[in-house]
Amino acid sequence: MDSFDKICKDIKEVKIQGARNVAIAAAKSLLIKSDKKAVKRLIGLRPTEPTLRNTIKFVLSQPDLRKGVKKAVDHFQQSQKKISKYGSRFIKNGMIVFTHCHSSSVINILLEAKRQGKKFEVYCTETRPLYQGRITATQLAKAKIPVTLFVDSAARIALKKADIAFYGCDAITPTKIYNKIGSELFALIMKKYDVPLYIATDSWKFDPETIYGIEEEIEKRHIKEVWPKPPKGVKISNMAFEKIDPNLATAIISEIGVFMKKSFIAEVRRYYPFIFKV
Amino acid sequence: MDSFDKICKDIKEVKIQGARNVAIAAAKSLLIKSDKKAVKRLIGLRPTEPTLRNTIKFVLSQPDLRKGVKKAVDHFQQSQKKISKYGSRFIKNGMIVFTHCHSSSVINILLEAKRQGKKFEVYCTETRPLYQGRITATQLAKAKIPVTLFVDSAARIALKKADIAFYGCDAITPTKIYNKIGSELFALIMKKYDVPLYIATDSWKFDPETIYGIEEEIEKRHIKEVWPKPPKGVKISNMAFEKIDPNLATAIISEIGVFMKKSFIAEVRRYYPFIFKV
Amino acid sequence: MDSFDKICKDIKEVKIQGARNVAIAAAKSLLIKSDKKAVKRLIGLRPTEPTLRNTIKFVLSQPDLRKGVKKAVDHFQQSQKKISKYGSRFIKNGMIVFTHCHSSSVINILLEAKRQGKKFEVYCTETRPLYQGRITATQLAKAKIPVTLFVDSAARIALKKADIAFYGCDAITPTKIYNKIGSELFALIMKKYDVPLYIATDSWKFDPETIYGIEEEIEKRHIKEVWPKPPKGVKISNMAFEKIDPNLATAIISEIGVFMKKSFIAEVRRYYPFIFKV
Amino acid sequence: MDSFDKICKDIKEVKIQGARNVAIAAAKSLLIKSDKKAVKRLIGLRPTEPTLRNTIKFVLSQPDLRKGVKKAVDHFQQSQKKISKYGSRFIKNGMIVFTHCHSSSVINILLEAKRQGKKFEVYCTETRPLYQGRITATQLAKAKIPVTLFVDSAARIALKKADIAFYGCDAITPTKIYNKIGSELFALIMKKYDVPLYIATDSWKFDPETIYGIEEEIEKRHIKEVWPKPPKGVKISNMAFEKIDPNLATAIISEIGVFMKKSFIAEVRRYYPFIFKV
Amino acid sequence: MDSFDKICKDIKEVKIQGARNVAIAAAKSLLIKSDKKAVKRLIGLRPTEPTLRNTIKFVLSQPDLRKGVKKAVDHFQQSQKKISKYGSRFIKNGMIVFTHCHSSSVINILLEAKRQGKKFEVYCTETRPLYQGRITATQLAKAKIPVTLFVDSAARIALKKADIAFYGCDAITPTKIYNKIGSELFALIMKKYDVPLYIATDSWKFDPETIYGIEEEIEKRHIKEVWPKPPKGVKISNMAFEKIDPNLATAIISEIGVFMKKSFIAEVRRYYPFIFKV
Amino acid sequence: MDSFDKICKDIKEVKIQGARNVAIAAAKSLLIKSDKKAVKRLIGLRPTEPTLRNTIKFVLSQPDLRKGVKKAVDHFQQSQKKISKYGSRFIKNGMIVFTHCHSSSVINILLEAKRQGKKFEVYCTETRPLYQGRITATQLAKAKIPVTLFVDSAARIALKKADIAFYGCDAITPTKIYNKIGSELFALIMKKYDVPLYIATDSWKFDPETIYGIEEEIEKRHIKEVWPKPPKGVKISNMAFEKIDPNLATAIISEIGVFMKKSFIAEVRRYYPFIFKV
């Protein structure tokens, strides 16, 4: 087993990545060290990830640490299965499915629908600046799901044809959903064209601190991602995420069911009271 | 002077580029050859450019070919000056100006406003796939105009702060304006946020054939522009332009004045009856 | 008392009709037979009616079958009274009330308001293809409530004058309301004109299976309802229902109170936990 | 040749019907009688039809009555051909075309597109109360154009799939377009879903009197059309037409070309100054 | 007759007020002095009033100055009559008419409709800060037209009931209409509720300079109008006018007829070419 | 201590004012008299104030009256602190904050943000007819917060620049928020311009009776507030409040946290079950 320091380092240096993987690794590291200082350090590695904080909170709330870690790992496995199952039910033969960026929850839903023998097509954006849409396109093509990639600014044209849209998400608060830059811009067009938008996510992405007005920080990433060598005098904006008005999303598909954003907190509280403990 | 064939070749191979430059070169080539076949060949070099067709039509409508060419060249020079003058009047101190892609008419307006001593800032998109926004940003930075570049999907965030927007345009029909992909998507957001959108263009971009229901072709460009080496099974959409609903544009700024799209044809007809001759 | 088979037959052949009547009859039949096979058969008679499923679930969840049936019957009686009482409070003197199709919950609200001496007028659609609007108009006219019937395509004109609208409903899911075809079309116009839309319904129309992504089937009815003898080559679409975006409805008026759609599930769960038992 | 009285009677009793046929018959009758009283009587036969008034005005404005009538007849023939030609250009392979009610201009456009070998499908409403949509469906089916008929209240669902829409029209004023009841309701949905709406019409439907604030009367037809034997106390609204906000229509396709509503008057004036003579 | 200086002084000190009165007085003063300096001085008295400039331009364009002045006076008299006549045609029995601020053109339309025996009611705003709505209410009450005055912030509630709205206007440009502060705010609500908005105005309010991008100045008036003795540290905004997006107005009612904003310039040019002479 | 009668009189005559102060005074008076008649009288003093009713209900639900009163007073003190704390978190440096009318909860949020050293600016309406906006402006100016006052009809212009908006509120029901006249008008513009609207309020403003369809009465105040001496024949509308569609508000900031309107009732029920006791 790796040392506590090693795990922290791997998380910090993005060797371990993806909200779930980070959360599981951190949970396991609690078996090595779980004092107050260790917890603080772990949380500090990804200050903007509610999943990490919720997972640690969960493990520490369990009577037996070892069983707690096991339960947390189980949670994530079961969760993905349920999200895939519930989400795939919305995909019908002949549909055009729109997605933006890359989300493993969304990919799993699409793979599950394919596995069930459904015939559908996917339109995805390339998702500048990091081109995560290419990962989406590549994974779908590998699974023999027909997929067409569009530049981001062509999203309206893609949505004009789409029947349904899926996003993953980075964080959920009582009044907002956070996802990759462009997500609200495209959601406005979905609303106009009545393309239902489903957010596929583990419910542990809910951030309980935001109940008290603490807003999610929007990560500003390095400008080189957008333009490696810009000329002098040109400023570059590189915000990684934006909020989505929950009125623009049809529902959140999580392991606890399919709910409108507005019913979501109440449901999360019913399932996971630990999240709301201060 | 270059031979007729040389000019045709240079236009074809995009050594001569920009709607105006192409039109002027073609006009001049008429001094070498102006029979029916030559005209047909010239038009065939850029079948989607109304400026080229209108310029040739103008020159041929003049009693003296040589004077006709001179008048056409004069037209374009005067036109740019007037567009810069009229357009710059809409820029006020403290404004944030949004633009998409690269348009020399828009650049000239901004340079003229700067020359008049106005203090303003520009937000521009990078404009995938060909990054023409980088050209815009570079030219403005060179002129000491503060400029910030955004990825295309961040346009809503840029527009939330913008006071005014300018687009160039590729073609005007009785019911549409054509411009770079993304133009209608962003114009919908401008309407929502009440950011006035001005289209800066020479009025010879009006395409008279469209009066009879012949629609502009939307150029589909090579997919390598979007993704040089896509994996097998991934389709790519690369439409260069999209239409803009004229209700989304505040006005067209051309050399004949500042008019709403709906008054524009009548004004073009008053100034340039030759365009409407069948 | 009729035999179990007789009741099943009467439900199947629509001799017993109306969600409530069907549910009560089925509940009572459980006193004759209530084994697993019987339950399955009963549910299969109306696979798209949540009220039937919920009523059976309720009766079976009670310690004493006979008392359970009585309680279920009571539920429906009390429910109608409460819906009439709560709903009638929204009707004021001088109002024009819009309704679409025929709903006994809506009729009861209007009769109750009339009984209270309120003066108001009703605008109703004819509701093709089965003209249920004529039933609505006839029942209201009999009760001396002034009523005007419009063809469905004139709904915008009727809504321009209306002060309030009531719909019944066929099913409620965590993210949708289902009602007669045309319901969302007209609700979009209500939103535009700020005509508040109230959904009058027994809360047992909530379908708990939809929490897990199982969507309501939209019944496609016989084309002869629309056009008895269409010429060869003409296809006919005859979908009976459509979903309504819950953001378009002001509130659901049920026996448990008046709630926005988004608070509704939480309230149903508080009152009727049995519905949510898997 | 029929007597003047006979023609008047046939128009009055709707033996001669369709704006064009009425106009041509009336024009021809002027060869029998063309004094002031005769003209007044002719106009009085269809006080709400601008085509009739414009045709008479045209014939009387010509130096030679006989030639005037011939020119008027020619106008209508040429007009239909041009409208079919221009309109058919908007139909592309694979499109779903939406139409409401029955318009011979629209039918001609669709037949012309079919004749050109284009593959497309039509969605039409049944158009209560007189079911003109059945005529549309029958004529298209006869021409082997795939067609699906919807009840009027299902128009939103049909439009969600449609690529383009065509209406005929009953009258055009400087600020409005008049067409069958339901036309604005559906046009609002077209705007939302970005389904371009084309109005196919002879330009002589323009009513010059409306320049001075005289509004089109909306014909209120017999209630038996809606409900042959309504019970006592039920009122019925049966307005035949409604106005369409011109901002909702993409363009008017007439024999003088394809223009936005706002440019249309100027164009009509250029072609037919006689219409505007007081 | 007053001296030229006296007239200038009276205009400057607002003893002569109202765009028309100012224009007539200035026109008459040209009979005393009409050299370049005098013209410049006159225009300088009201730099933001197109009517003044257009009237002077008109008089000077006439071969005989005296006849020119008479013609100008006649223009304004005839114009008011025609506007009242055309505008009154839109008022029907039972209507609720909304208006904002005080406009003599609107008052005249309402008086004319009343004179014709029409029964209608007026809702007007008080129009802070100068309470011009009280003048409107007083004049209408005097004419026995039922009128209700609302605070400006209640305009939405008034518009919810209104059938039609009339504004006057301060200036018209190729792309905008200018009127009292609040005009666009309320016009947005009119669009939402489909309350048609008519702008009643003499067409000489068109400002030809704005064709070349020169925008109307929005007058910022004294803060004491809003709050006579504000405490230290409080800033006050007192902009007198705002632009109205022409897409929000149904039509402009002027002496040359009833036209959509977009056709208006072409019509003004046809009637008054002098306005467009540079 | 004042007598029960004295307290009742002071509340009635508005010597004690503000929902909270009234509630606290009434709570204390229960220590003098708390029989059924006394309670009825207290509630009758302010029949439209849910806070009063909820406070009395709370005190009476406590085992010890004296402790109950203390707890109620504590509630209001703690509540204000928490609202200020949570609300201030949404204010960032450089923001323009819009507010309408005067609300002590909003003022406290702004003062708290200022105390934290944040630099921001406030735009407020004057709020006719009682000019409560002047109180807001005065209090902010005293605290050195830059503030600009606008007439109510200029709210759109103020909102065009604003980054965030705060309202207080008068009552909350399951489907509505009630606040000063103008609140929905401005909220519609906020939605259009994406200015997030936060409602700052003690959660005891929730009115549980409205669950059963009993709607809030909108107070109609004296017309002299609007126009002290209106001429004969002029009616005046002076409604004090209007409802706000909860879809227009981003969140409610109360002492129990920051929640969307739709989650609010469930949260209030969790914290204060006594409110929902019938």
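All chains are identified by letter, namely A, B, C, D, E and F, in their written order; residue positions are counted from 1 within each chain.
One rule holds for everything that comes next: a residue touches a chain if its C-beta (ideal position, glycine included) is under 8 Å from a C-beta of that chain, and two chains touch if they have at least 3 such contacts.
It should be emphasised that the depicted structure is a prediction, and the values quoted were computed from it without experimental measurement.
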Work out which chains are contact partners of both subunit C and subunit F.
A, E
Note the shortest touch-path length, in steps, from subunit B to subunit C.
2
With residue numbering as the guide, point to the option in A-C, B-F or A-D that repeats C-F in over half of the contact pairs.
A-C
Length of the line joining the C-alpha centres of subunit C and subunit E, rounded to whole Å:
53
Per the centroid of Cα atoms for each chain, what is the distance between subunit A and subunit F, given in Å?
37
Whole-Å distance, C-alpha centre of subunit C to that of subunit D, is 40
For subunit E, residue numbers touching 2 or more other chains are 192, 194, 247, 260, 262-263, 266
Pairs of chains, among all present, that meet the touch criterion:
A-B, A-C, A-D, A-F, B-D, B-E, B-F, C-D, C-E, C-F, D-E, E-F
Subunit E-facing residues of subunit C, complex
160, 192-194
Complex contacts: residues of subunit D adjacent to subunit E
174-175, 210-215, 245-247, 261-263, 265-266
Along subunit B, where are the residues that touch subunit E in the complex?
85-90, 247, 250-251, 253, 257-260, 262-263, 266
Looking at the complex, which residues from subunit B come into contact with subunit A?
125-129, 134, 137-138, 141-142, 144, 146-158, 180-182, 184-186, 188-189, 192, 226-227, 230-239, 242
